[in-house]
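Each of the next two complexes has chain A plus one other chain: chain B in the first, chain C in the second.
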Partner chain A sequence: MSADRQAPAERPLLEMRDVARFFDVSPPWYQRLFGGGSRRVLRAVDGVDLDLPRGRTLSLVGESGCGKSTLARLAVGLYPLSRGSIRFDGMEMSVRDGSFAERRTRRRIQMIFQDPFASLNPRWRVARIIGEPIRVHEPGTGEAERRSRVRELLEMVGLDADAAARYPHQFSGGQRQRISIARALAARPDLLICDEPTSALDVSVQAQILNLMRELQEELGLTYLFISHDLSAVRFISDYVGVMYLGRLVEWGEAETLFRNPRHPYTRKLLESVPNLAEPGRARTPIAGEVPSPLSPPPGCHFNPRCPLAMAKCRTDTPGMVRTGPGGVRCFAVEEETATA
Partner chain B sequence: MTSQHPAGQARRLLRPVARLWQSDLVWSFRNTPYAVVSLALVLAIAVTALCAHWVAPHDPFDLASFNILDSELPPAWVEGGSPEFILGTDTQGRDVLSLIIYGARLSLLVGLASVVFGLVLGVGLGLLSGYVGGWVDALVMRTADVKLSFPAILVALLVNGVARGFLPPEMHGQIAIPVLIFSIGMSGWVHYARTVRGIVMVERRKEYVLAAQIVGRKGWEVALLHVLPNTMSPVTVIATINLATAILLEATLSFLGVGVPPTEPSLGTLIKVGSEYMFSGIWWVTAFPSLLLVVLVLAVNLLGDWLRDALNPNLQ
Partner chain C sequence: MLEVRDIHVEVEIRRRRLKVIDGVSLSLARGETLGIVGESGAGKSMLGNAIAGMLEPPLHIAGGSVTLEGRRIDDLKGEELRAVRGRRIGMVFQDPLTSLNPLFSIGDQLVETITTRLGIGRAEARRRAIALLEATGLPDPAERLGHYPHQFSGGMRQRVVLALALCLDPVLVIADEPTTALDVSVQAQIIRLLDRLCREHGSAVILITHDMGVIAEATERVAVMYAGRIVEIGPTERVIRAPRHPYTRGLMASIPPIDRRPDRLAQIAGSMPRIGTVLPGCPFSPRCPSAVARCHEAIPALAGGNGHLAACWLDEAAS
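Right after this comes the complex of A and B.
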């Protein structure tokens, strides 16, 4: 690594500022013309600020459709941003010019996917799948060297070296996920975006994959952005947790603090909904109502129709992020509580 | 890793063959008698046609080799036939069997070439359409819709007419076959384009394609390396069935007089020339090419039918 680009130690590896992504889901123009209907915009992610310190794990949790997967795909550059900026290691990533510098930087952000049965090309052998990033980013590598790198990577993720000659369908879900991790590591990344990497796996295999991810983090100094709705997995792996609701980050903070002392009413409800073996008789109140459609979110705080603490202000104004220690909360009720305390 | 033992090496070289022999596709083939018979027929016709120069008893292009006195001889087993001309002779004294062999060669050649042309065009456009999407997709697919509302023969007649209109008459003979290949190919590309587009639109959302993008592959690399290979089994089926259609279309166009020039024997021109004498009792000049055409098209179609079933995972 060149010394001149060395950022100050404090600087987060990934900085998101007011990140937003809108999808145009309007019917085609001729349908709008003849059958009526208007332009509709889905605000999948709407103004998220987030910092991810180097070598740490930040998890994003929330219900389906809250925008956490979209945020992951924005971080890795699969979608362009509608607003805001993403800086990786101090470099602006929202400019997509396809330049050599951009490609070199993008290499350092890799991704692990949810479905291990869809994330590997069924017609390619494992050696070719894992060798692909090496082929793309280190084109000077010889055949023999690439083969030994693939072997190393396979061993690193706990697979036999002879797996290289086989096809993806010859492996189980957990083994495929290991292959997927090996492919990501082949690009020598600094940041791994993990989009629900364990939710398609058996419970026993989930733990193995999570342990592997932790080992790799210690060994290689990786930074993780971990997307999940499995709160126990999140608690196990995270240093920081962000909670999303309808495209907005409603609360974030250090994992232990957030799990022990959730501030936002949505976070509280979310954590309450998890069964806990330590307190089997605990009353678990479900969150009232349904998640509103992200196509027409309620005005003000998106959570106000389901919130037990909702006030008049919540229905008209959007609360800002109030800093609490290293984290933050977006809630008027918490704001007032802190002000009076 | 590599064994130097000769027996081991031979086994390694044979391994792909063994794997192929045990594959589901070959197993299904071996257990489908009509597929075996069809393939045998197609191969027999193709090999005979390709080796026309050596197999055919007479050379229909060599003016010195046929005699007007031998004209209009019936097949050998009919009274008045000569064992020298098994299937009889035409009005110029040419051997019908040789004409058919040479004619099949041209028909197969035109059929194959137009299938390849239509396939490359259709798969290319389908891939582009499904992968890029947006207005490119709309343009290609609306063009395909318009194309589908023309009968194939009309397209071929149009292309043919335009080509003839623009080129000087002395070039008509030379360009006839390329024009024929082009117009038959043009009539087939829509099927490939639609099928490939559909598959591409499903595949490009799959996570392995996203993974290739994140790994840093450029768009066209992802399309060619990852998406295209996964569209190939249905394309093979369409190409086979399309081959039968192309051969038929060639025969139709040649019969109508807009295909290969009458001086070149193709199955279509033979049927046309022969049909003019049919009512004077000379049935053999038109009957045998027609029979071969039917057998060839039927065999190719049956092969395509089998392939479609064998490659369809839902039927297994």
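Right after this comes the complex of A and C.
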């Protein structure tokens, strides 16, 4: 997949502008009254701008608590936005009027979850699991047609037709993830949000699922928003990558560029902390310290306490996104470097 | 120092005896680090538990022996077993919360372990505990002794577990997926720490993980397990650079590379046989791309020179 496949003038399928989601995690009012606790707000996602071109894959990476899963859930509409806007194919998704147009648009965004054991109804046969989205979104479909669609979908994800009569527990983890993909595809989506779809799988099975996802993308022209903490999987699947740290997007860009020439100190450290199989025995350089609690992130740039390049300014001010080619970086050090260069 | 000879682990379910570990032998020198890698269901954790005498019934050792420092430990029971396990073997698990009691402060847990096993006074034990925690890089160890497990972050908890595993200077530490639940940046810290602490205490390590990256970074030798058997064992660098068993080759090829983007990943067809599947031949033969008739008929033994062995009929060492 080369970068020139998409015409530059085409509007991105998914546009996120200043997207934010805050959670109120205060203790109950009576505890605040008697115990003197105060209101606490968790800024899970705080002002993210991202575009996802049609037919491509954007991955969000970061460590636990960085907000990548929350951002994915915002994109599907599982949470309302606290601020900002998300447009899908030009339509504002934060408007929830329950209209026919809204329902028709929402159908085009489907989700695949991490745990294929928890996300399939254990009491339903596979035929019903995959047939349900067809029943809901295309109520006019007859029984026979639905059955043949299910068979088609099973074949598409590499399962035998007789899988339709069985229950989820009769399948391995990898096969269940194939069923989840078939169910998502049953709604004829344009955008698939995949939240750690291979994290619960063994590497040999992960390879099967990642290959399948790329084949399906070619075949059906799907767009993926891929969430993962596994940078090797991300490298294989993505055209674009966004790196998140404590609720903020710190860097994004074309995957190739980002992996070859990471700009933000956090991205660099993150990539260095991946063990390289080409050089066994080479010790990784760990990042100093741990991710601070997202409840009380450090002021200024959230990464400053762990950053080797931190300056006085980084502890007080929040850097803005500086554009670098098609992507961007939020870092004062990179800003100065670019200004002097 | 540690000698595992032809160990078999079985479980009886509905009158059927299922083999979980099927004849594994390995040895470990003092201070050495051995990795055990494999996918879920390969039996790697069971092997660790069998060595530590921690199999939960109905799982049991059905044959073979485990010798630690010249003494058989696989048939020990009760107090004798606890003495060996507590004193000579330290354990680290994936989830630090399973190793720590939520009702006691970490200081109580460390001090109690040290006083009961080493028979020294509480004040002395406390000093040792503080020194140990300091060595793990836990900030303000003296003050944090009074804290409970839930007051620590995941990475910090795993540091406490490492201190607990090493507080009696064990000759062997068995670490079962010690970094799997942690973020990548913290993973590297814990692997380094495990390596440094075991060096300082002179402990040998068995590092069980599904992550080839961790194996590459932290072990000298590695054993690859498949369906309850070791299919390949050798110096880590050689196993990774020039794997001899088709399963190891498939496993290595299915890991997405970090430095480039291929169009397709190599994948191993099918999945591992369920526990209890009895095959007359090599357990990998149904999925093996190069299997020949002989592979389906008889089980190959580990063979090879220079400490790099593979169990494969197609390997030149076998013929």
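Some notes on this structure:
Please note the rule applied: the second predicted complex is superposed on the first by the 327 of 341 C-alpha atoms of A that agree within 3 Å, B and C clash if a C-alpha of one lies under 4 Å from a C-alpha of the other, contacts with A are read in each partner's own complex, and residues count from 1 in each chain.
Please note the rule applied: contacts are C-beta pairs under 8 Å (C-beta built on N, C-alpha and C of every residue); 3 or more make two chains touch, one makes a residue touch a chain.
All figures in this text were calculated on a predicted structure; none of them were measured in a lab.
In the superposed pair of complexes, A:103 makes contact with chain B only, with no contact to chain C. Partner contacting the larger number of chain A residues, of chain B and chain C: C. By the document's definition of touching, of the two partners only chain B reaches A:187; chain C does not.
Of the two partner chains placed around the shared chain by superposition, neither chain B nor chain C is touched by A:325. Residue contacts after overlaying the shared chain place A:132 against chain B, while chain C stays out of touching range.
When both complexes are overlaid on chain A, the residue A:210 reaches chain C alone and has no touch with chain B. By the touch criterion defined above, A:78 reaches chain B but does not reach chain C.
Shared-chain residue A:120: touches chain B; no touch with chain C. By the touch criterion stated above, A:142 is placed in contact with neither chain B nor chain C. Comparing which residues of chain A touch chain B with which touch chain C, the overlap is empty. Looking at the complex, you find that chain A touches chain B at residues 73, 76-78, 103, 106-107, 109-111, 113-115, 118-123, 132-133, 136-137, 180, 183, 187.
Those residues of chain B lying in contact with chain A across their complex are 206-208, 210-217, 226, 229-230. Those residues of chain A whose C-beta lies close enough to touch chain C in the complex are 63-64, 172-174, 202-208, 210-211, 214, 229, 231-233, 235-236, 255-256, 259, 269-271, 273-287, 290-291. On the side of chain C, the complex with chain A involves touching residues 39-40, 153, 155-156, 183-189, 191-192, 210-214, 216-217, 236-237, 240-241, 250-252, 254-268, 271.
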